[in-house]
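Presented below is the structure to which this report refers.
Naming follows writing order (A, B, C, D, E and F), and every chain is counted from residue 1.
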Amino acid sequence: MLIHLSSWPEIDARLKDTKTVIVPIGSNEQHGPTGLLGTDWMCPEIIAHAAEKTDDSLIVAPTFNIGMAQHHLAFAGTISLRPSTFMAAITDWVSSLSRHGFERIYFLNGHGGNVATIEATFSEIYAEWSFVEEQPPMVLKLRNWWDLPGVTGLCNRLFPTGHGSHATPSEIAVTQAAYPDRIKTADYSPKIAPSGPIRDALDYRARFPDGRIGSDPAQASPAKGQEIIDLAAAALIRDVAEFSAEVRP
Amino acid sequence: MLIHLSSWPEIDARLKDTKTVIVPIGSNEQHGPTGLLGTDWMCPEIIAHAAEKTDDSLIVAPTFNIGMAQHHLAFAGTISLRPSTFMAAITDWVSSLSRHGFERIYFLNGHGGNVATIEATFSEIYAEWSFVEEQPPMVLKLRNWWDLPGVTGLCNRLFPTGHGSHATPSEIAVTQAAYPDRIKTADYSPKIAPSGPIRDALDYRARFPDGRIGSDPAQASPAKGQEIIDLAAAALIRDVAEFSAEVRP
Amino acid sequence: MLIHLSSWPEIDARLKDTKTVIVPIGSNEQHGPTGLLGTDWMCPEIIAHAAEKTDDSLIVAPTFNIGMAQHHLAFAGTISLRPSTFMAAITDWVSSLSRHGFERIYFLNGHGGNVATIEATFSEIYAEWSFVEEQPPMVLKLRNWWDLPGVTGLCNRLFPTGHGSHATPSEIAVTQAAYPDRIKTADYSPKIAPSGPIRDALDYRARFPDGRIGSDPAQASPAKGQEIIDLAAAALIRDVAEFSAEVRP
Amino acid sequence: MLIHLSSWPEIDARLKDTKTVIVPIGSNEQHGPTGLLGTDWMCPEIIAHAAEKTDDSLIVAPTFNIGMAQHHLAFAGTISLRPSTFMAAITDWVSSLSRHGFERIYFLNGHGGNVATIEATFSEIYAEWSFVEEQPPMVLKLRNWWDLPGVTGLCNRLFPTGHGSHATPSEIAVTQAAYPDRIKTADYSPKIAPSGPIRDALDYRARFPDGRIGSDPAQASPAKGQEIIDLAAAALIRDVAEFSAEVRP
Amino acid sequence: MLIHLSSWPEIDARLKDTKTVIVPIGSNEQHGPTGLLGTDWMCPEIIAHAAEKTDDSLIVAPTFNIGMAQHHLAFAGTISLRPSTFMAAITDWVSSLSRHGFERIYFLNGHGGNVATIEATFSEIYAEWSFVEEQPPMVLKLRNWWDLPGVTGLCNRLFPTGHGSHATPSEIAVTQAAYPDRIKTADYSPKIAPSGPIRDALDYRARFPDGRIGSDPAQASPAKGQEIIDLAAAALIRDVAEFSAEVRP
Amino acid sequence: MLIHLSSWPEIDARLKDTKTVIVPIGSNEQHGPTGLLGTDWMCPEIIAHAAEKTDDSLIVAPTFNIGMAQHHLAFAGTISLRPSTFMAAITDWVSSLSRHGFERIYFLNGHGGNVATIEATFSEIYAEWSFVEEQPPMVLKLRNWWDLPGVTGLCNRLFPTGHGSHATPSEIAVTQAAYPDRIKTADYSPKIAPSGPIRDALDYRARFPDGRIGSDPAQASPAKGQEIIDLAAAALIRDVAEFSAEVRP
């Protein structure tokens, strides 16, 4: 059940049985010469929607499509929230969903650069309750889609070299499977991009001139992307089920 | 050109000619017994994407899908930002787009409840420059899709009674045209919903028990929706062209 | 009863019968070559105090005299709050008044540029309650003095042309009636000022070099001002009575 | 020259010679059984306006009428800003005035409870410049009206006992001189109110049941008030002149 | 009992009898040519730890070592919080300690520049309760170590001239007693530093080129420091006892 | 060189050669039945001070002793900042140090719970520069002391089982070496504490009743602690040297 394509009475009815909601969350940021700017929010959306197609008992929120991408701002099309803004927005999403009775909020994340801020936000939210020694009405979970059981293993098998950490062939492949008419090509030079630390936008552009980090996206294909999607969607269904079944102490 | 389906070099190249970007912005909130929760962000997205299909010179950002919907929070599935959070997030979107060289940022809005906060945000952004008597690098414009030239006239012709102001037949029709497999029906009672002031969530639910205000959405149809989309998309193209051509004093 | 000229036991006693308080709110900003910088906060103060003189059962708070005037900052004497500051201040006023038992807080506004931010603030305040699905202890209302029943009609009759939207002859006239020794004159050129969009301070000054928008303030006179005050004060008394009598759902 | 009763060209012209502006600042809060709720903002306003009448070269801003009065909130009519809000608002006033070319901003304060927050705000403002090692464009000064040279001495002579620190006979007298038709009386019990620490609102009300601290306001009279006003206004003129003449290192 | 050198069960047990906690608070900022940068946080720490050594029933929190020192930022090694940050941090310390059952929180302060912001913070904290007319669970107290009964008298006897207000011989002496191997010397010129107002960092450095205000630190000695510490520690024990014994109204 | 035990001229002189500063950062929070509440800020302080003793060219700031410990608030003595407060405070430390000319700021961290918020803060700081496409004046680095090269290997060798992740024998040992007179003992039950996710304070206490996670602190000894300190201090010297030598692109 996709929230945005449902009516409120439908969500209301479903809340009698299901207290878990999945929020695809990512970023809109450069993904090298050929990657789509929406890659990091479309990947978790693609996977969550695929899972929902298989198992309609899943409730999926609209996609949280802008995250923490300050380091990519020297590349056109990147849109970033400051961490403090990102925290406020996540907090309001959680407050809204929690008010309706969702007791487990599962963020399926598509951007490594979001992780620290999302975790800091969880602490900010929990702190409200911890300072008054009350139990919060909801449990929060962050899962990167590539950390779903089995996914990293598959990606490593598909792309044993040149996977890298930004504009990776696996994320490019996922978007190719979902948007085959938007596949772009380029002569990557070097074939495998360099690696290094991530700091501010100018530093990033100087280190990684075409935007990639450690990756060779030329290896991506729609078929490989579909394989990843299928595995990830199945893993997501199981992971959410476990999270929903978890007993609070 | 949809930013999220483009690569950064494509946006970079286009920025040589085009300095205007369209941001579809709305809300995810209840729309009565049959309206989709995503109606208010999907309508401007549908119209903007339709316009972009016609005129590929338009640059369309990802959709800003969560807005100010505190009054709808007593209905499941609504997700709202506090106005202060909404302001921070819009500001960061503007800062990001402006940095890339977009000098005209056009918000195509789908939610009346967003208007005050978006305008307050424009003032907050402009104030940064006004306090130091410098010219801001960008001009901001807010346009509700129903205020595009001709659109309200058409909606009034299509729905002379029972248009109302929330869960209107025109917005329902737009989503029916775009998502025909998600059309829902209900026995509306009363046929035309009541009207009244908008305050907090409990007050809202007490006044408007099924969520509608003044509307009879049963009049919606995909064909009427398509008619609205076609007119609105054409009007959007002209409106954006005028905005882009405007000379700053 | 003017709060600032009363003692706390007087307010305490009156709160047994009256739960409504009027807050005159405006802005301190340029009003063209002849208008007083205080025009926008003095107009609602003048009208509210006139009403209170007639009907002592009204409770009038001190005047909130600085609002959102970033666009006027290129003219000396303008003082503006950022929208975010304005929101925080209004919120604290409301919290204070609400704590004393005022259940209806009526803002009589004198500045069009305040409207968006005041409405955003109402949403910010209501959101606190909406997120926890509780009824707020107070109802908030915004009324521009020119929107009091009958007032715009009178202004249009008095000034059929050249009323405009900033430094209007009607607001100038109101201050002339109240401060006859502060009437100033100038050779306006052009007689009727231009119109256009409102953005940042430099843009504003370039478009509207002497500060007026669309107005010919030379038409103002103390007598016309008094006529407006009399009508507006009477309308205010009725409007507040209606607001106080409104039943919450 | 009172800013709110002037036009922008008048302020503009005056700024050629005068770079100092006086901001009367106070609080709207209970002042015992007979004191006016507006006492703390009306006193500095009364004194500043009296000085301006004598010496028209003074530029006086509108009165900042709501301050930090959280401890008085258990008494009806009190309106308080949180310190954080108060700081934001003062900052925006300073930014506005500084932009116009005012290089010396002199706050004439009427409320002891404001002092800490105003000083913290000065540090917050200066910090913006200190962190970047630049000279701020303005110098800020806080002066309580009772600390104007000679004033405390006069008050002690007029009221050798029972002056106290809240709802003092001197501040009551000042308002009596200015608003003789609003003089109120009561049987104070005890004649001289108790003293003690100031904490939260309930603690305050428990310690000081009628709102006074250490004072016997029955000693106030309009004549004594006028004597204080005259002395304070003259001292203000000299104090501002000294501040304006001060050479920055 | 020093919290940071205790285990949680030890604090838990002690909380049965003691509801008061001492927080040494200061600043890390320049203290003239010879003073240690940590002087202002080490002095209250030294005194509080000396008191705790004598009377183990005292509970002492870790030292809050960075305060409001924007005016010292033109001297290397100074670290300052903005007042708004300082307020947020103090608030969180208070919330944490209060949650554990500490009902009296006693800040032993070592920096005059902290006073306004700490007091503003107390008001910010109390305001949370005052706005809802509830009693806060804790009482807050600020005491500068030099205001402990008897201390200023002793300092005046030890240093009848050239005590000054920054980099004073008394605070230098206290650190000399505690860190005798870190005593530094210099040829002070002038022997007694100038005095004047405190504003931003550049203004400060221009007025007080070597950082001192009105002081002659050459008079300091470890023996004098020890005398001050002994007196202050004893006075602290009595002051805290009085504070703990105070009955809330 | 410890900043707090130096004078400003000493830091000033040293800044000619050294542009790197080490900030020990941690948390004050429960560490099981026997661990000191200060463990997480004392460990990096102990290691950094040990390194500075060996290599006086290191510049060490005062210790940032309160971090993000909301999950420990159900245990007495824990003091936590909200993530948003923590971010503001770190930002001000960085602004202060950067102003003096420190171009590399190295945070030696002692608390795993700080990592996400510190990294989010780095992004918040960098974002200021990224949004305007300027190079920030400083580079930031976070290093947990247990991630210094070789340290985790040593800890695993010393404590092959029952190391766990909170109140670990290695951190307890480090504090035992530094504060041998504060060694505490207890009958741990179970010997090795349970493991699980970290959420809010009540959840934490329910899962980990005595505060430990996965650890058996009984294995700690001062000798083992000294071994860790020696290795970590040496590794820190090398790590800082590498960081200082790093060439910016």
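Of note:
Simple rule for what comes next: contacts are C-beta pairs under 8 Å (C-beta built on N, C-alpha and C of every residue); 3 or more make two chains touch, one makes a residue touch a chain.
Quantities reported herein were computed from a predicted structural model and do not represent experimental measurements.
Among the remaining chains, those touching chain A as well as chain B are C, F. Chain A and chain F touch with mostly matching residues; of the residue numbers seen at this interface, over half occur in both copies. Of the two chain pairs examined here, B-C and D-F, the one linked by more C-beta pairs in contact is B-C.
Centre to centre, using the average C-alpha position, chain B and chain F are separated by 47 Å.
For the pair chain B and chain E, the distance between C-alpha centroids works out to 55 Å. The distance from the centre of chain C to the centre of chain D, with each centre set as the mean of the Cα atoms, comes to 25 Å. The residues of chain B that reach two or more other chains are 73, 80, 82, 84, 96, 99, 131, 133, listed in rising order.
Looking at which chains touch one another, you get A-B, A-C, A-E, A-F, B-C, B-D, B-F, C-D, C-E, D-E, D-F, E-F. Residues 3-12, 15, 28, 30-38, 41-42, 61-66, 73, 75-82, 84-85, 88-89, 91-93, 96-97, 99-101, 179, 182, 184, 211 of chain A are the ones that touch chain B when the two sit in their complex. On the side of chain E, the complex with chain D involves touching residues 68, 70-71, 73-74, 80, 82-84, 87, 113, 115-117, 119-124, 126-127, 129-131, 133-136, 139-140, 199-203, 206-207, 248-249.
Remark: chain A residues 95-96, 99 touch chain C in the complex.
Residue ranges on chain A touching chain E, taken from their complex, read 131-133.
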